[in-house]
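Below, subunit A partners subunit B and then partners subunit C, in two separate complexes.
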Partner chain A sequence: MSNQYIIQPDLTFINEVVGLGGDTLKKCFQCATCSVACPIAPENSPFPRKEMIAASWGLKDKLVGSADIWLCHECGDCTALCPRGAKPGQTLSAIRSYAISEYSSSVPVVGKLSKMVTDPKKLALLTAIPAAWLALMAIITMFMGGVMEKIFHVIGLHWYHVTDAPIAQARFISTWLVDMTFVPVFNISLLIFAYTLYKMLSDMHANALAEGKTDKETLDYKAYFNTIPTVLKKVLKHTQFNECGENKNRGTAHMMVLFGFIGCLIVTTIGFGFLYVLGKPGPYSQWWPFKWLGNISGIAIVFGAVLMIKERLGKPDLNAYKDWYLLGLVLTLGATGLLTQMARLAGMEIATYAIYYIHLIAVFHLFAYLPFSKLAHAVYRLAAMTYAEYANRK
Partner chain B sequence: MTIDKAAPASASILVVGGGISGLTTTLEAAEAGQEVLLVEKNPYLGGRVIQLNQYFPKLCPPTCGLEINFRRIRDSKNIKVLTMTEVVKVEGAPGNYDVTLKISPRYVNENCTACGACADVCESEIDSDFNFGMNRTKAAYLPCEMAFPARYVISPEIGADDKKRVEEACKYKAVDFSMAEKTLTVKVKSVVWATGWKPYDATKIDNLGFGRHQNIITNMMLERMASLNGPTAGKILRPSDDQAPKTIAFVQCAGSRDENHLPYCSYICCLASLKHATYVREQYPDAEMTIYYIDIRTPGQKYEKFYKKLKEDKKVTFVKGKVAAVAEGDNGSITVTAEDAVTGAKVNQTVDLVVLATGMEPTMASDKPQADLTFNEDGFIVNDFTKGGMFAAGCANKPADVMSSNQNATGMALKAIQTVMGR
Partner chain C sequence: MSNKFGVYICKGCGIGESIDCDQLVNVASEKRAPAVVHDCLCSADGVATIKKGVAEGINFISIVGCSKRVNSDIFQFENCMVDRVALRENVAWTISREKYPKKTENDDDYFVDNVQLAADDYIRMSLARLEKVKLPEPFQLPSISKKILVIGGGMTGMSSAIDAAKAGYEVTIVEKDGALGGYAAKMRKQMPVAEPYDSLIPPMVADKIKEVQAEKNITVKTNTVVARIAGQPGEFTVTLKKPGETNEFDVPYPLPDSMKVDENGKEYDAEKLLELYKEYNKGKNDVLTLDPNGELFGAVILAAGWRPDVIEGDAFKHLGVGDVDVVTNAQFEEIAAKGKIVRPSDGKEAKNVVFIQSPANGDDRDFNYAGSVTSMVALKQAKYVREDYEDGKAYVIYQHMRTPGLTEGFYKNMQQDSGIFLTKGEVTAVEKKGSGFVVSAKNTLLGESIGIKADMVVLAAGMVPATADDPVVNMAYRQGPAFRDNGIFDEYADSNFICFPYETQRTGIYAAGCVRRSMTIEESMEDATGAALKAIQCIDSVNRGVAVHPRSGDMTFPDFFFQRCTQCKRCTQECPFGALDDDEKGTPKPNPTRCRRCGTCMGACPERIIGFADYNIDSIGSMVKSIWVPSEDDYYNPPMRILCLYCENDAMPALEMAAMKKAQIDPQVRFIPVRCLGSVNTIWIKDALAQGMDGVFLLGCKHGDDYQCHFVKGSELANVRMSKIGDALASLALETERVAQFEAAIDDYDKIPGVINAFVEKVVAMGPNPFKGF
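After this line comes the complex of A and B, so read on.
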């Protein structure tokens, strides 16, 4: 051996990956069946065999900054063929989870949230924060309208959005307050992503160079960003996901949820425009096309989430908290969104507000904890897939 | 010795299985003065060994070893042999067992001189089990060249017309269709189970394509092909077109060390494939061979030496990485896919012939007699020496090569003798 490489195992890393659902990783005996079983692994340095040995040796640096861990869509084909029950699919998922924590915990000030989001014991606290904040917002809206109108008058705005609808969420928590909460929270999340992605991209490039997985010497950001549309097309079509053999159904379910979220994002943006540009506050008529889109999107989210939950319940060994947290959140978001509307249309005022309150708490979870939870995969996987495409990973 | 004559009412030791382990236990116990009843399910003795072309590591043919054992059996007054016989039930305790045996009809009696006149006239054919279905034999057949007893067998599948023809063709009145399945009981003091193994059913390993692609064969099929008395008269050929293969891939651990199939190491397949490479080399000096493996397991000095010697062959390549996918290409060629775990690159190699190194499954994994035996979850018999009385030898107990099977079978002969002596 000409290249000497002294292994420095990071035992904490091994234990954490084990704790995050990679408890079988030590069973691997490196037969490499998984790398062949994987329908989407590249020809050069395929995964997940090399990830399995790196994880079992505690070589954190070879994994956390590797784009390959994100190319895996956890279809489970490798796990099905694995002769040792080492479950490479689940191990990679645990490594991804670790990588999310690793990057998001490096963010100044809010980095601490990372540990909390993956800890089931902290769920109550993480929910209590938005619950208390939103309760305060509700009190302000319901009891301090006069004061708020005066304050808004000073800056030349109106506090009240006038609507003649018998029930309107804005009477429970003012749209102003909702937006003043979520717009900053969402933007902070975007900033956090910008911060972690910058780090991650240079790590991925360094890793690819070290392992001979790219033909690019230096990372050209412009070329990288120009690659995004190509990859986005693949993501929307679920090209990679649909190559998975073991659990094809998950591909469809995931697609429903993804499109549901995209639909809701579009509807929210339009609603934003209606309110602040055209000065038309909700609730809007059910006959408006963007309401249809909103309803279809909500149904898609609920349906997709239920399908994924059903699928996961059939596999009792898949019980990592990170996965259930995300699925639970998705289902809650979709269900409370639809139920709020249904209760409102049914004229049930208290129920409308109560469900809306839960919905907003869920939205807070979605936006505020996004960079720290499994949901961050939406951003990191896109970044890694784009890198792989850009770097000519084949 | 008596063979397939009227069964005895008692014996001191019953040996179940007439393969290399059973033969050894039988002989060691009989030559130490015990009365031994040896029962064998097949119509011949010799088990898996008699199907081989050569033993490793010395590469001698199975005649060497089996012949001398058959001779010793013939010379011993203490041995009684029943072929086509299975154990149905064992009742009782150490020193006093009642064993129920089931004897299937051979339709040929001891008058047979193995002249072959019956096979000449017989028109119905059956798949040759001995050659793993690679060819067909007449329904009246000699099970194998070295068959002991050297006596023909008639398959129950024989046609009605053929029955008449073979009966008339036999000059020695050896054909007897009045034979029927018989059940009988014997009293013995100790039982040694040497029920051996069967090749793991390769069609169960879905991703390795056996049964879907003609040019994917198993190691035991190659063994038969390489044998002069085999279906191709000793030539290693591609099943699809009977051409000589120029490139061959050996797939190790086909079903072994795999929780989805056989979770254990079958012990012999590495050496078997290395040995097969020598068969190929002898016939085809230019053939290129690749052996795909997880770990090459060649325990002991002699086996390690065998491995080292083969590594000197420049046209034999070793790739650390299990083949996990196969595909058929033009002209029956097969592309095998593995990840070379040393270089970290995926290997797609197209070869003429693929040999799956399928492992051993204990015979008892599927056919368990009613007897007070303890099995592990894989179907191997666990020896309980405190309880005693019944013992497993050879591959009924664990995957093993011929050498360790023989050592183990000798030890079990002693254990059985101790039971008989009441120690």
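After this line comes the complex of A and C, so read on.
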């Protein structure tokens, strides 16, 4: 029996998935109602029935590297119809969290962050790091301008970005220092993703081959990357989300947040260009179109986050820390961004800087912890959906 | 005292509209029986009318209206014989006036009023029967023992004993082992018995033993078995002995069939057979010899329990049987009861254990004698592994996971354990790898062929009832010491599992617990209560001189006219309940309290010397003869007459359900209910044909291995007798097709009218009986 699969249940895996919100997974008795109910499960070995038994048998290797766990959008149709209360939707979500920490913790040096990000007790420490760093940056900006100008002069740059606005965030923490902090952090995160995605892709392909879920024998990276635009279009349209029956309105909220973030990314890039290419520092006039985009994006993020929080509060049994961490972060990002601007326009200098300080801490959370938190789903799900599209998963 | 007849005719429920009741009064007067017509007999006024008659001395009452299956509580009159004529069901509802209109002024004297003719016949039949029956007198034993014997001192036996003792009955428990407790005393833990049914509990057996010991009505005899149970309910004479001992009152066995014939296959004569029988049972007293030192009991509860099945042989080779680390669930329980789960071969911790529920020999059957209990035992023992080792892993591979009713809670809770893994699957191999095994399975829920590393393998052996190995009850009955035909129940001691729980094929002996089917302790305790109640019902019924079951309360019993007995032994051999023990000459000795009053002996007897006070050869024969068979002298085109003898247990309610639905039945049929088709004596059929009736058919229960007969053998025996009647018919130059037997289940009400009408059509096509008019 050459194709025999030797079972090696991992009890730690079961217990961890249980801890990550999959506490109902052992209730499954394999009726497969979930797979029938799922609007987006493929016909060939559909999820989540097989994921449920693999999870209750502790078969980590069948789950962590499977693209299928990412195809699920946790719409909750399966959970609503499950006759045993096994909540397949939440179980898959817990497995995804486990997969995120499994891949991110394998990264050299920073892998340890993985455990901390999912541990509520470590939240204070994770916040204290950027808080201290940014406080230092503020001190440098406010009290050591002269010294910095001299240093910058040596390398042929100007420390001060001249503006005549009465209040400007750059007077609190220099744009130089902000960018010198966040550009490297962001890039490190990208590197971490590159590292984990490479591993994940080969795992997904091996898993698909073993379970007969693909017609591709070897993984062709070029073809894979060429598939990304097709999938991106689906993601932007929320095609999968809209097939859900149970949680339809969550799709709208998710869309608002996603587009809000994309809008902010565009605005930041434009701002970056204004500052370093045209040498025009902020704050900019409210009449400029990219300011409109920025404001609309901020409002979209706040609204989307509030909608999702409201929906979640209606379901008291959903209380995984990973979810609340992400929702709290999104709301903080959007709200502090908008409030900084409002305080500035109102001429409240101290308030402006204080809120801006919080905003930057939140941004640090977003960038630095991105590969370790639930937000990493943005990257992993895109990668998995692209793989499914590429691999002809039907 | 001479009997005074009275006929009461009811016009209610549509009878008055379709039948001329004054004409019925005329028919009754032919027999000089006064008849009264009433609009609604079951009303207070109707009953008062009958009571008035009773007060005037009427004691044999024919109540013409509805079936005896309804209003039986209303039409009960002390010291009176009541015959119920079901005109409503057999005539008014099933022979429609639309199809068979009343006679009008335009019709001549030769008009055939089918409805009225049927009604007239039923009045005649009722009066004919009343002339031939007597008021029953109960059979009373000279003395009666009210003690209950419980065989088996396990959870079931002890529970039965406690229940019966608490109800005020003296109980003796005999236990073959040295101590009470049975298998339950060998367990580490047991399945839950109360809400919320989710966790294992400590064994309850120790408390049960204390309860038995504290009960003053209970006597416990350990190291004791039953040598024989002789006599009958109410006066069973029981000989007890130590296990393995020989005793002159050890039960004799009937001669095996192979010893009854000579080398040419010819059966020996009666004398030689008796000699061989005596030789075969040398040193044992005959069944009719009572042990003078025997203890008397009123009823017996058989709670002999079970033994674990042995799994061996080529059929299980792929499961690794023969290896000491491949054990049965019973062996695993022994290990668990001793302490931590360790491997038998080297005493090392067994942290990975695979439980195999089904042998997967090309089908999905479980091991023999397995059931929901073995499913739950696997879950229980899986939990042992988890209790003993934090990193322990227990795998259950099943074809069926049965956790019925509230025990679903137990399944759910065991399933919650992160180290218990369940999957449906077929085990293909158990192979040795190092000191452990790799268990291979296919068609699993994991979607592929899997291999599981195991330190130990546990097979879900079934629970073999004690009655599979040994009669246990050792009844000194002529038919043998064991229950008959247990083979069709896989040797479980049960006569009809669904309809009559606790009943065995021997009156007064009630089975409970795992001799009936595999049961959990909870189920066994509940079963024990049922059997205790049955035993009490038996003693009480015997005390009042009435039948226990299924004709509960029937006061009649078979009466033998011995002067004409030819010692043919047919009654002794055919009685489904072994009620008769013949002596050396072959004369039957009746044991009335063993009897269930089915009348199978009456149907069997070629000399027709057996009968009941209210049901006998003459009473039914006279009913048959009272049916008027018209001939060409009466009508241009005389209607045919077809007799139906139908079983009152299943066929009768089925037909009455059909009647309630106004199903139409051919008016040429006349129905006579019988206690059981087994009681049908072929003389009735001959009587019917001899007086010119054109056909006869029997309507009774399904027979065979999945029989539905209340009396086990009745419809089967009727079938055998009917096949033999063919020769007699042929000698009379009658077509054998004029006689038939049909099977009817109680829910066949939609099919039976079709079956009957089709038979009538067939007989009509054959033409009239040539004996008509002689």
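By definition in this document, the second predicted complex is superposed on the first by the 389 of 394 C-alpha atoms of A that agree within 3 Å, B and C clash if a C-alpha of one lies under 4 Å from a C-alpha of the other, contacts with A are read in each partner's own complex, and residues count from 1 in each chain.
As a working rule, contacts are C-beta pairs under 8 Å (C-beta built on N, C-alpha and C of every residue); 3 or more make two chains touch, one makes a residue touch a chain.
Every value quoted in this text rests on a predicted model; they were computed, and no experiment measured them.
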Discussion item. Both complexes share subunit A, so when I overlay them there, do subunit B and subunit C fit or clash?
Written reply: clash
Practice prompt. For A:26, decide between first (touching subunit B), second (touching subunit C), both and neither.
Written response: second
Item to complete: Could you say whether A:54 touches subunit B, subunit C, both of them, or neither, answering first, second, both or neither?
Response: second
Worksheet entry | Which of subunit B and subunit C A:83 touches, first, second, both or neither | first
Item to complete: With the two complexes superposed on chain A, say which partner A:5 touches: subunit B (first), subunit C (second), both, or neither.
Response: second
Discussion item. Let me test your reading of the model: by the given contact rule, A:275 touches which partner, first (subunit B), second (subunit C), both or neither?
Written reply: neither
Discussion item. Once chain A of both complexes is superposed, is A:14 in touch with subunit B (first), subunit C (second), both, or neither?
Written reply: second
Discussion item. With both complexes overlaid on chain A, does A:43 touch subunit B (first), subunit C (second), both or neither?
Written reply: first
Practice prompt. Once the structures are lined up on chain A, find the stretch of subunit B hitting subunit C; candidates are 42-50, 60-68 or 186-194.
Written response: 60-68
Item to complete: Touching subunit B in one complex and subunit C in the other: list those residues of subunit A.
Response: 29-30, 45, 50, 84, 211
Worksheet item: Residues of subunit A touching subunit B in their complex?
Response: 29-37, 41-46, 49-50, 81-85, 211
Worksheet, complete the sentence: subunit C partner, complex, touching residues on subunit A are 1, 3-9, 11, 14-15, 18, 26-27, 29-30, 45, 50, 53-54, 56-59, 84, 211
Worksheet entry | Interface residues, subunit B side, partner subunit A - complex | 207, 253, 257-261, 294, 320-325, 337-341, 344-346
Discussion item. For a test of understanding, state which residues of subunit C touch subunit A in their complex under the given definition.
Written reply: 391, 393, 395, 412, 415-419, 421, 423-424, 428, 438, 440, 445-453
